[in-house]
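Written below as structure tokens is the structure these notes are about.
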Amino acid sequence: MALDKNQIAKRIAQELQDGYYVNLGIGIPTLVANYIPAGMDVVLQSENGLLGMGPFPFEGDEDPDLINAGKQTITTVPGSSFFDSAMSFGMIRAGKVDLTVLGAMEVSDQGDIANWKIPGKMVKGMGGAMDLVASAKNIIVAMMHTNPKGESKLLPQCTLPLTGKCCVKKIVTELAVLDVTPQGFKLLERAPGITTEEIISKTAGKLVVEGEIPEMQL
Amino acid sequence: MKKVYDNATDAIAGIADGAVIMLGGFGLCGIPENCIAALVQKNIKQLTCISNNAGVDDFGIGLMLQQKQVKKMISSYVGENAEFERQLLSGELEVELIPQGTLATRCMAAGYGMPAIYTPAGVGTEVAEGKESRVFNGKEYLMEYAFDADYAIVKAWKGDTAGNLIYKEAARNFNPLMAMAGKITIAEVEELVPEGTLDPNQIHTPGIYVHRIFQGVDYQKRIEQRTVRTRP
Amino acid sequence: MKKVYDNATDAIAGIADGAVIMLGGFGLCGIPENCIAALVQKNIKQLTCISNNAGVDDFGIGLMLQQKQVKKMISSYVGENAEFERQLLSGELEVELIPQGTLATRCMAAGYGMPAIYTPAGVGTEVAEGKESRVFNGKEYLMEYAFDADYAIVKAWKGDTAGNLIYKEAARNFNPLMAMAGKITIAEVEELVPEGTLDPNQIHTPGIYVHRIFQGVDYQKRIEQRTVRTRP
Amino acid sequence: MALDKNQIAKRIAQELQDGYYVNLGIGIPTLVANYIPAGMDVVLQSENGLLGMGPFPFEGDEDPDLINAGKQTITTVPGSSFFDSAMSFGMIRAGKVDLTVLGAMEVSDQGDIANWKIPGKMVKGMGGAMDLVASAKNIIVAMMHTNPKGESKLLPQCTLPLTGKCCVKKIVTELAVLDVTPQGFKLLERAPGITTEEIISKTAGKLVVEGEIPEMQL
């Protein structure tokens, strides 16, 4: 059965390691915070200038000066720090942030990503996405395998304007976990009950399938 | 040398039609509410605004958009409001979208006297079009120029009469960077104290960068995305 | 992920002969006294040290020079000690002198992921020899590269178990810049407190930059130029 | 009579303006702080990371963490702030410091300055001098008109390795006040009792003397 959004987040959380500093994008990536293994020390960075982001505040405790990059009211955890936007993107560019998780409209089998602009539609801007994808040392994309029309979002080439080139390392969809390799997408895991054939049929880009593909363990 | 002004109207004196103005804040967090209100009242036109966002329909820079005071927005993310979209689609408003880290670093570059910086953000995308790129250690970077703004208008939490500023939490964002980058920097603060009151170790923006300062009034501090969890 | 170490000896584990090490401080102000003592005791050799100064004969990096641990110094101002001068003149020690602002900004560039920066310092002087220069807005600048150091060793006033650092007065100097720039950053602090104790608004170096931290002991804090006035 | 060091400092202090941020180098420049006119708001910057430098501490009040760029123990005045060395030179490069006063071994009539290195002697380094002269918008040199051998220090070309090119705006010596102009040194004022002829004879670089040269008012 295809994963739901929370299960995608849960699977991505398996990529976390003790001591990681992680930047989570808007949407499914945000949910990853709910699945950090107990006892594991993971610090969340928000690119508007915060390390040590905590959960949403209790009702009535909202602080307008304390928001995340999605402009949501949040809290901090002990050991947090605030800084300006230049230092925030500085630490991202310098590779101090261990992992970035973000959504995408399209990913190519070379790791290109498009997630900021649809020609003909109102363009709201790239925000920090171009900085993040160009700078992060490890980028995982969380997205649906296909778009609402049923067309694959894992392509030989992105059709939409790019956010960044050759940067995505791993993709987790409702159907599969894939690495981006020099040979193209490499299928690592299937969602429980999803066949390799279904994944092949829904992946338009080059796909490497070697041997038996295990099911995800959630 | 008196840096202290009575209010926003006095502090924005001299800003004229066609000025290039930086405005601090991220979304509606940490925006100079008093100065924006004074700019709206003064109704100067043809402004170029450098600000990460463009406010919402009825607050922040959105108020200036309503009066068609803005000729051009330089931002990383815009369009949380309908009037913005209307002006953009009708060609009344020009928008230059640049990556958020590039925006921040171009402010810092101005404040640090560095004419240009290198960033990988935008390499291989339409942002790179027409820009010089260069490979360092096998990785490609774009050269981006320091901003050149007439005024920087920022909002801080506390300030003193020497112009020193301290920001609160995530309301810091672009404010200290823009404070360094304006030819004339105007700071509004929630609390203005005499010099010597703030701990010199804890100043975020040294007073040398601030030309005019005043204590703001009636801060609304609107929240864009009120997200909460239920008390257990 | 444990960042807290018991002492300097444990914290400098892994630093080997030939390492490139940044050392914070300005003169003897804000230097990592405990780590320097541990490096002396460990007696590793052939080090490249990036530090604004080279200590005095019997303190600071001067102690490492006595044991001939340093192959190369990268500094803006050196030679407050006789042994330094002897080694330099005898060819045992290599010295690269660079302008102080260039030194600082090359550290910052490393910490901010910027491969190179532009500065006018040194244009038209021997510092410019062999360097690329470029004119922006009618003024000439040199391109200077970000440092690439294996370790940064810094001294702070207070730190917490998450690695956050706060510096005191002019002992800040190069410390926060180098803290950002090391592949591995080691911080010694006068007072180490549990995470959650320091005000998140007042952190100078966010913990993400600090890999190892310990509370130092027996700080001497020597004064190089004791200048005073008589009490009235 | 030729000025003494304190009088040179006193004359330079006449160049100060209300609201100025000033960086004073080691030696005679340091003495300028003693002659800031009463009621004038002048803030001293020390490039090791301090705005708002005050006088030396009273005996027993020395704080090893509070030194200036000359490594002297100092104090702060109300409204002071500390920052790192990158911000310190950043504000210098960005032209936020209104005036820099420093010593020199030689100045050329194009405004070149040499003050960091004597070939054949132990080189201690340029410290922040190259940054200051390359970046400051207004540089006044405080120095003796001649070296201990009696040779002019105001030259057609510097003979020593340069600290910076075309940067000095004004020179105050024990004999004269001179501007650096496109036509060379321009004599503005004589020290009390010093003749224009003496200044001409001790100035090796191009010197413009127009009309009567007034005496300094100290």
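Worth a mention:
To keep things simple, chains are lettered A, B, C and D as they appear, and every chain counts its residues starting from 1.
Please note the rule applied: a contact is a pair of C-beta atoms (placed from the backbone, for glycine too) under 8 Å apart; a residue touches a chain by one contact, two chains touch by 3 or more.
Quantities reported herein were computed from a predicted structural model and do not represent experimental measurements.
Number of steps on the shortest path from chain B to chain D, with steps defined by chain touch: 1. More C-beta pairs in contact connect the chains of C-D than those of the other pair, out of A-C and C-D. One inter-chain figure worth recording: chain B and chain C are separated by 33 Å, centre to centre, where each centre is the mean of the chain's CA atoms. With centres set at the average Cα position, the gap from chain A to chain D is 56 Å.
One inter-chain figure worth recording: chain A and chain C are separated by 36 Å, centre to centre, where each centre is the mean of the chain's CA atoms. With each centre defined as the average position of its C-alpha atoms, the distance from chain C to chain D rounds to 29 Å.
Residue positions 105, 112-114, 119, 167-169, 172, 200-201 of chain C each touch two or more of the other chains. Residue positions of chain A with contacts to 2 or more other chains are 82-83, 86, 89-90, 92-93, 135. Chain-to-chain contact here is organised irregularly, matching neither a line nor a ring nor a star, and falling short of all pairs touching. Chain pairs that touch, as defined above: A-B, A-C, B-C, B-D, C-D. Note for the complex: chain A touches chain C at residues 18-19, 21, 41, 43, 45, 51-52, 76, 78-83, 86-87, 89-97, 135.
Within the complex formed with chain B, the residues of chain C that make contact are 105, 112-119, 136-137, 139, 141, 145, 166-169, 172, 200-202.
Residues 1, 110-114, 160-162, 164, 180, 194-196, 200-201, 203, 206-209 of chain C are the ones that touch chain A when the two sit in their complex.
Residues 26-30, 52, 75-80, 85, 88-89, 97, 99-105, 107-108, 119-127, 157, 167-177, 204, 221-231 of chain C touch chain D in their complex. Chain contact summary for the complex, chain A toward chain B: residues 46-50, 55-74, 82-86, 88-90, 92-93, 112, 122-131, 134-135, 161-166.
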